[in-house]
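First up is the structure itself, then whatever we jot down about it.
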Amino acid sequence: MKRLRILLASLATLVAAVQLHAAKEVNLFGWSEYVPQAVLDKFTAETGIKVNYETYASNEEMLSKLLGGAAQYDLIQPTDYVIEALRAKGKLEVIDFKNVPNFKNIAKEYTNLPHDPEQKYSVPYMVGTVGIVINTEKIKEPIAGLNDVFSGKYKGRIVTLNDNRELLTWAMRTLDLDINKVTPEAIAKSRPILSKWLPQIKLYDSDSPKTALLNGDVDIGIVWSGEAAILFQENKKFAYVLPKEGAHLWIDSLAIPKGAPHKAAAEQFINFILRPEISALISEAFPYTNPNTEARKLLTPEQLANPASYPGAAKLETFRDIGKAAASVDKLITDLKGGS
Amino acid sequence: MTAIADPHITSAGKRQPGTTGWLLLSPMLLWLGLFVVAPTAILFVYSFCQRDELGQVVFEFTWENYARIADPVYLNILLRSIWYAGLTTAICLVVGYPVAYYIGRAPAQRRSWLLLLVMIPFWISFLLRTYAWISLLKAEGPVSALLQWAHLIATPLEILYTPTAVMIGLVYTYLPFMILPIFTSAEKLDNSLIEASLDLGAGPWRTLSNIIIPLTKPGIFAGVLLVFVPSIGMFAVTDLMGGARVPMIGNVIQNQFGQARDWPFGAALGITFLVLFVIAFWFLHERGEERR
Amino acid sequence: MNSATIVPKNDKTEMSDPLSQLEWPFHSQSKPPLPAANKAPISMETMVELRGVTKRFGSMTAVDAVDLQIRKGEFLTLLGPSGCGKTTLLRMLAGFEIPTSGEILLEGKDVSGVPPYRRNVNQVFQSYAIFPHLSVADNIAFGLKMRHVPRAERERRVEEALDLVSLKGFGKRKPHELSGGQRQRVAFARALVCQPKVLLLDEPFSALDAKLRHAMQLEVKHLQRQLGITFVFVTHDQEEALIMSDRIAVINHGKIDQLGDATDIYHAPASAFTANFIGEANLLPSEVIHKNGVSAQVRLAEGLELNVRTSAIKEGSVQALLSVRPEKIYITKNKPMKENAFKAVIEEEVFRGAMDELRLRVAGKLELMAMVANESAHERAWHKGDIVYCAIHTDDVVVVEQK
């Protein structure tokens, strides 16, 4: 009898321990190489909450795992247009901003954007652009816009993202079309421009376009600002400009998926990330554009001088989800590439 | 694979397995069921479905995915993929056959060393090896420097991110898959058959075409399959060494499951590709059987 | 050793000895002799000549300065133990190996460096080497096709060849549908259809069972007689060599130990090696003690004295190695009135099918092996432990070495 009591008592302790443990963790499903380990360690040290950091390499990978429902995530790091789609499908929790007082640090220009107009579901993490990186040792003429890149002079010296939507968007910008209205007419109008442009491109690479630039295989790139920022860190000869026709602004945010088991811990984590000194720590590791005004004040002049991280003013627009029009874009680019 | 490589498939091989046989086969059947049949069935179902804005599969019947494949854009890519894979296979055969034959006929000691050399690349990650090729072939790379130093080319080498680079990458990747099965056939080739042919008045070339090639046909057939099939669906080499400029069917399919988030269309492409391949295999195999 | 299978080739025979007539219970010939009508005369013309042919593999000398003349239409056997160089010799004749030195002449022309496909010589391989992907007819037609023989003639000759090897109607079969014996016939047909000047045979019967092998041996022998083609045959089976050959070249350590017809080789071995390798022999070292008239006396190591023919002992020889065939030792119950007769004890009797092997001990020292015709189970003459007499005819004592 006594033995049984001891057994029951230890079982109860075990259950309590498991419950306690359950409350003390948060499951973060984020981009690979985006959250420094030091930040996670600091959070755990301060709050006692363990962070389970699982990573993905693309929004699409994140979506299929999230929607597959195999794992329970508390925090995800989707890009703007993905937030829009997830929100529309009711897949996100409304964030309780009472628990996120540090949200005040985020610059206004990055809030209430079309993908989350009421700013209820997401908190910007890092932002960036898609712009033109130029090896100024090889390219002496000024490059200001997309038409300069594709003037024909730099045929075979260009790397661009391997992204069908981006390619179409660039053509649409030179036509002054609304980049988020991908209609059959817009595609038809863009087609002749792209058919002139694509043969000039030496390679398409979304994963590491900086490699070809560093190797000297190409001299101009239309790439993520993060890649350009790393290039600038490597060598100051790599200049970065936003195309005068307008540039794609992307915003990676933190969001809480519907039914997250540790919503409170997730909000605690978001608030922690928004602290100026923590946010500055992230910028130090990854030179994207920091949307946190207070954190920017802590950055070194050198960090702020990186033109890819903090480019000059330009017309910036985020992508909206284009739904099934993506199939037409896929066909257009596949066809044009095949013809080259 | 051993069945393909065996030139003496007899009626005995067509016998039904008994209880013990089924039992012995069960791990393989289970594996096939779980990892081949089930995924293929899922793909088959998906290929007739639609997708929503998030790219989630919606189980509403449609022919649309197959209708899209019929578009000349995708048909052209399929044809180009077949052409690239065919060229890769042909180059691998021409380059790999003499190597495989030489290794197969070499003394046992040297044979195992040579085989080892063929296998060594497998010990290194495929991506690493591909990046090594990129470093070798880049404009400011060693190959370019060497050729310029030797005055064989005047300007830096412009081979990376071209179809030629894709071909180099494909041949490099799949050459061992051609060499190994042909080696197995060549190793089994009885030397007295070659001597008999020479003895009966056939010179080296006629011995090659009349005796050696027909007798190593099982190896050639296996090698052609092992090279052609994966190279037709290859996407990593076209992306990395070809700069994603020339899409192959593998890239298109990969894109549907990735960026485009259009699984039903990707599934339809995959199923079409599978059906085409099964038909081609069946056709080749039947012809091979007839000739036998 | 079954001496009944030796085909007698000439009239000169040791069997005329009255003693043997008396004591030897002769078997009837179990196999018919070759029909004389089929015998194509062997010409004295030379078909192949080897002049000082040597082949080395690294430091190993496989064939050592061999001189040999092979006559047109003869059946010559290269006989020797494995590794003696006989196969290398054959491969040089075929063109698969090039001599390190020396010359090989085919009808007077040096062909030493000529590749196999330019020599009018064909081979029947030990493994038959039938092309598995070709039908029987295509296998046989292969050589003709390579020589650009027109289709109609090719088909006719293939049919003839099939007929020759009794495989009519088998042309469409695939090799894997044939038995071992049938495959071998295909191998013969495939080589013979090319009408080679010389047919080389590399142990072609080694894979056959004993009965089939013997039938094939006779059949091939007939075939050779009928066609008159020069055959060079390699074997390690001395019985096969004796059955089939016109002449046998006994090869040892890359050299020809003895060259001669079957009876010469058997009855008059020129060396201890040949005596021992062909059939069985009692090899007896001896000392020459006396020499006069027709017979000479030698003393064996064990002290026994033996009469041999004086003509066999060279002038000045003091030591001689003698060879006595087991079947030439005659066993009697009573002391024969003969020379070279000794009292002996049967130490062992070994049943060997057609023959019984008796292990004898003479004068408590000398061991001899004798062969007698086997005995019926119910009426045995010889038993272990019997005291008997053994006699050896002077002519049957062969001096194989002396100095």
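For clarity, chains are labelled A, B and C in written order, and residue numbers in each chain start from 1.
One rule holds for everything that comes next: a contact is a pair of C-beta atoms (placed from the backbone, for glycine too) under 8 Å apart; a residue touches a chain by one contact, two chains touch by 3 or more.
Quantities reported herein were computed from a predicted structural model and do not represent experimental measurements.
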TODO: Using the contact definition from the top, classify how the chains connect: line, ring, star, complete or other.
DONE: line
- [ ] Find the most central chain, measuring centrality by the gap between its CA centroid and the centroid of all protein CA atoms shown.
- [x] B
TODO: For subunit B and subunit C, let me know how many angstrom lie between their CA-based centres, rounded off.
DONE: 57
Task: Separation of subunit A from subunit B, taking each centre as the mean of its C-alpha atoms, in whole Å - done: 37
Open item on the list: Need the CA-centroid distance for the pair subunit A / subunit C, whole Å please.
Closed with: 91
Task: Residue list for subunit A, restricted to those that touch at least two other chains - done: none
Task: subunit B-facing residues of subunit A, complex - done: 58, 60-61, 63-64, 67, 85-86, 88-89, 91, 156, 159, 162-164, 201-205, 211-212, 215-217, 321, 323-324, 326-327, 330-331, 334-335, 337-338, 340
Open item on the list: Help me check something: in the complex, which residues belonging to subunit B touch subunit C?
Closed with: 7-8, 10, 190, 192-193, 195-203, 206, 210-211, 214-215, 217, 292
Task: Of all residues in subunit B, those that touch subunit A in their complex - done: 51-56, 68, 71, 73-74, 76-77, 80, 134-135, 138-141, 156, 158, 160-161, 239, 242-247, 252, 255-262, 265
Open item on the list: Touching residues of subunit C toward subunit B in the complex: what are they?
Closed with: 94-96, 115-118, 121-123, 125-127, 129, 131-133, 142-143, 146-147, 176, 190-191, 194
